[in-house]
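Several structures are given next for inspection.
Each of the next two complexes has subunit A plus one other chain: subunit B in the first, subunit C in the second.
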Partner chain A sequence: MFITDIRKEFYEVVANQRVALLVASDIDALCACKILQGLFHCDQVQYTLVPVTGWQDLSTAFLEHKEQFRYFVLINCGANVDLLETLQPDDDSVFFICDTHRPVDVVNVYNDSQIKLLIKQDDDLGVPPYDDIFRDEDDEEGGDSGNESDEGSEPSGKRRRFDEGAVERRIDRQRAKREWEARRREILFDYEQYEYHGTSAALMFFELAWVLTKDTKDMLWWAVIGLTDQWVHDKITHMKYVTDIATMQRHVSRHNHRNEDEENSLSIDCMRISFEYDLRLALYQHWSLYESICNSCYTSCNFKLWTLNGQKKLQEFLADMGLPLKQVKQKFNSMDMSIKENLRDVIEESSNKYGMKDIRIQTFGVHFGFKNRFLASDMVHATAALLESTEKDESASDNFIKALDSLSRSNLERLHSGIDLAKKKLMAIQQTVASCICTNLIVSQGPFLYCYLMEGTPDVKLFSKPMALTLLCKYLLKAFVHSTRNKRCKLLPLIMAAPKDVEKGSVIVVGIPPESETSDKKNFFGRAFEKAAESTSSRTLHDNFDTSIIELKTEDRSKFLDALITLLS
Partner chain B sequence: MDPSEVEFLAEKETVKIIPNFSLDKIYLIGGDLGPFNPGLPVDVPVWLALNLKQRQKCRIVPPAWMDVEKLEEIRELERKEDTFAPVPSPYYMELTKLLLNYASDNIPKADEIRTLVKDIWDTRIAKLRLSADSFISQLEAHAKLDNLTLMEINTIRAFLLDSLNCMYKLRSNLQPGSSKGQFTDY
Partner chain C sequence: MFCEKVIELIRELHRMSDGQLPAFNEDGLRQVLQEMEALYEQNQTDVNEAKSEGRADLIPSIKLRHCCLLRNQRCVTAYCYDRLLRIRSLRWEYGSVLPANVRFHMCAEEVQWFSQYKKSLASFMRSLGGGEGLDLTQDMKPPKSLYIEVRCLKDHGEFEIDDGTVILLKKNSQHFLPRWKCEQLIRQGVLEHVVS
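After this line comes the complex of A and B, so read on.
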């Protein structure tokens, strides 16, 4: 069931208990977890934090902890599958789920006792009404009252033998029941067909903090990072992003107003969050401007930097703005002040000439101490790189804890190491995109495009992780759409496969919806993958919380693809 | 003594806070605290104030001496005199550090205060060093210094005592045959 008053029905219930926090591995979940941890520290609530990477992890964690805990809080996991059936909990376990995955499973919505959803009810959910999908068994005996047959065969006035009347009524009931069931299947199919994302979990927990008046600037910053993560990884539509940014902007002005209205200004060490209409260049303040332009998806795709022509256009672009190459190629902080002052406006003007109308995006930046300035997207890239770092001897939970630490203001070295890793990751993505396009590795299979990364590809280890591979997939599709002349291919979705584990012989497969300006980011590959796997009995593992990311045995790749082609044509 | 021990002792000083919760009077071994009412100032020890501040349950009111004009006067006085001027609080250094680390958003002009306190500290430590140097070089038997705080004493204690011990050993080895001077390796 949906929770209406998050303070009374969630926080005050768990505040005196020991709670288990099961947190999924994405940045939004990390930010939400940080906010909740901050609140728990204020009220000295005992909790256990368990990072989970997939359904199997979730089940193991639940089994380990179900004896000691009654209350479980699930962050960014658990809403889109029938949780009670997957976990088989005891009757007194209560689950609080704050998940961005949609559609929310209908059993989770209509269960009144054990599952509480920390999701706003108007959040674009479209849950089918109760009566359309559930039917109490008593209605069966209710007999004639519920069965108005459309043919209008009214009970005839003539007195027939009672048995025949009853048999007729039973046949009518069975027919109505079959019709109801067919309609139910259709409704459920429509409801569960497309997978998409809702409001950020970090935002939900920030609102809880706000209601408790315990919201600090740190929590506000984490909420902004959670929202920006959804935008960077292309999980929400642009409209929703802008709406949520406006909500955050209200909170930011409230905080800024509260602290700056005395004539005595704040210490330089205090955190200042400001609204920025900043450039869509990844990490440009921590890199050189040139590198950032070459390695950001938006500019790289629009200039087509993998071609010679594209490189020339880039040089023209820089010349048009009057930026000398020497300045542009050195670290951003060392660029001339005169260039840095009007940089954003100058770039916007020139990029309009080159067809890039949206080079600026609304976002937030933070500023504390004398030299620490970060944009929200910088933090997202850094933390994502730390979360999915492929160093040896590091388990998933180590990476989780490191990424969680990097979000605190006191761990700046970790954040800077994350930024370095993110730079390497972005460069690797650009090089892979360039080589895939130049060697025509993307083939059209009919209803979708397909690309397979061979084992020897440089940096292919980076792409064995779901978030990195999804990012690569999205950039590749954008680049492909810009580079191909085939109009039909521009509207196709993309499936990408990369080797995940060489010893076990498995690949990770990701499917993303087609690229378009007004895309609603709804992904149908979850169901498609399930059906294809069933029909060919391929050995697949649907472990990830995003159903459009699966693991598959290398040998079953071709038959799986053939099944998908037949399914989707 | 460790500087952290001195800081621990400094945390017993009282400071005014404005809580946002309510609680009846609590009876602790060290004394009574409270009652706490939202919006009404109450005096509590610094350790409790910092704990409540970190749990977002109060707002700390800076002590009366933590003000830019007052500290500027004290700094000028310190620079003029050769002896030690009266100090704003016996634990001024530790309290400044603690309050500015955890509650700098409640203290106006925090950066200037930090600079001023550091200036005062530097002047006093310089005077202390000068005084210790002249004490040793003039082979005085005793000295009296007013208005020193525990943190300043603690800073110079180890060095002064060790150097006096060293001088004693050297001096006692100069006397022929008085005692078998044992040279220990440090």
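After this line comes the complex of A and C, so read on.
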């Protein structure tokens, strides 16, 4: 069931209890977790935090902790599958789920006792009404027995007529039941066909903090990072992002209200969050401007930097703005002040000439101390790189802990190491995109485009992780759309496969929806993958919380693809 | 060579660097004291001789022996003092009852010193906190809050806290627990205090 009053129905329930937090591995979940931890520290609620990477992890963690805990809080996992059936809990376990994955499974919505959803109900959910999907069996039995008792009490003369009437009624009832079941299947199919994302979990918990008036600037910053993660990884539409930014802007101005005093100005070390209408260049303040332009998806795709022509256009662009190459290629912090002052406006003007109308995006930046300025997207890239780092001897939970630490302001070295890793990751993505486009690795299979990264590709290990592969996939599709002349191909979705585990012989397969200006980011590959795997009995593992990301045995790849082609044509 | 035996004693302590207490080297100490006595006797006779017969050429050897005596004294006091410091830290680490193998390594005087140190620490702790007493040996650093956040560094299995509830300590899980329950595990290195 949906929770209406998050303070009464969630926070006050768990305030005196011990809680188990099961947190998924994405940045939004990490931020939500940090906010909730902050609240729990304030009120001294004892908890245990367990990172989970997929359904198997979730089940194991639940089994290990179900004896000791009655209340479980699931962050960014658990809403889109029938949870009670997957976990088989005891009757007194209560689950609080704050998940951005949609659609929410109908059993989770209509269960009143054990599942509480921390999700806003006006969030464009479209849940089918109860009567359309669930039907009490009692009505039917009552109807039958009522008729039979009627039959028994009537004198025998009229029995035959009543018999016929009863048989007709039964046939009618059965037909109605079949029709109802068919309609139900249709409704459920429509409801569960497309997968998409809802409001950020970090935002939900920040609102809880605000309602409790225990929100701090740190929590606000984490909420902003959670929202920006959804935008960076292309999970929500542009409209929703702008709406949520407006909500955050109200909170930011409320927090900044105290800074306006001239007499009691805050020290430079205090944290200040400010609204920025900043450039869409990844990590540009921590890199050189040139590198940032080359390695950001938006600029790279618009200039087509994998071609010689594209490189020339970039040089023209820089010359048009009057930025000397030497300045642009050195670290951003060392650029001349005269250049940095009007940089954003200058770049915006020139980009308009080159067809890049949205080079600036609304976002927030944080500023504490003299040296430390970060944009929200910088933090997302850094933390994502730490979360999915492929160093040896580091398990998924080690990376989770490192990424969680990097979000605290006291762990700046961790954050800077994250930024370095993010730079490497972005460069690897750009190089892979360039090589895929230049060697025509993207093939049209009819209903979708397909690309397979061979084992020997440089940096292919980076792409064995779901978030990195999804990012590569999106950049690749954008680049492809810009580079191809085939009008039909521009509207196709993309499926990408990369080797995941060389010893086990498995690949990770990701499907993303087609690229368009007004895309609603709804992904149908989750169901498609399931059906294709069933029909070919391929050995797949649907372990990720995003159903459009699966693991598949390398040998089954071709038959799986064929099944998909037939399914989607 | 003079002063070599006393350097042996010092090296012995230096080898056990992480606060462990080696056995009290009675023999070594006795040998050093004997050496000092012998040096002192020789110096006495030489000084008398130098004074009575005016032999100034004995003075360098007197000076040498005196330096050796001072060096021996310095080393012996360093040895004893270092052991004392180690025994003091044992009180903070193990509590007021020392394990038998550690007590075996202490000489009778050290045991006596230890019991007196215990008494004065106890009376000091009793005098704190407005007459109620405060156990200072419970926390490694001054505590800032009732509950702390800890991270599990290795798989430790199940762990029971005061009200009977059991917590599963798995690697990389984080927990928010009462401070006093975690201290022991933090000392053992199973948990790590997370300061955010």
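Before moving on, here are some points about what is shown:
What we mean here is this: the second predicted complex is superposed on the first by the 545 of 569 C-alpha atoms of A that agree within 3 Å, B and C clash if a C-alpha of one lies under 4 Å from a C-alpha of the other, contacts with A are read in each partner's own complex, and residues count from 1 in each chain.
Quick note on the criterion: a residue touches a chain if its C-beta (ideal position, glycine included) is under 8 Å from a C-beta of that chain, and two chains touch if they have at least 3 such contacts.
Treat the numbers as computed from the prediction; the structure is a model and nothing was measured.
Shared-chain residue A:51: touches subunit C; no touch with subunit B.
After overlaying the two complexes on the shared chain, residue contacts for A:254 are found with neither subunit B nor subunit C.
By the touch criterion stated above, A:357 is placed in contact with neither subunit B nor subunit C. Within the superposed three-chain model, A:41 lies in touch with subunit B and with subunit C [touch as defined at top].
Contacts of A:400 after superposition on the shared chain: subunit C is touched, whereas subunit B is not. Of the two partner chains placed by superposition, A:312 touches none, neither subunit B nor subunit C. Partner contacting the larger number of subunit A residues, of subunit B and subunit C: C. Contacts of A:331 after superposition on the shared chain: neither subunit B nor subunit C is touched. In the superposition on chain A, A:178 makes contact with neither subunit B nor subunit C.
By the touch criterion defined above, A:408 lies against subunit C but remains apart from subunit B after alignment on the C-alpha atoms of chain A. Shared contact residues of subunit A, touching subunit B in one structure and subunit C in the other: 41, 44.
Note for the complex: subunit A touches subunit C at residues 18, 37, 40-41, 44-51, 64-65, 67-68, 395, 397-398, 400-401, 408, 410. Subunit C meets subunit A in the complex at residues 146-147, 149, 151, 165-168, 170-178, 195-196.
For subunit B in complex with subunit A, the touching residues are 20, 54-57, 100, 104-105, 107-111. Of all residues in subunit A, those touching subunit B in their complex are 41-44, 213-214, 216, 259, 262, 264-270.
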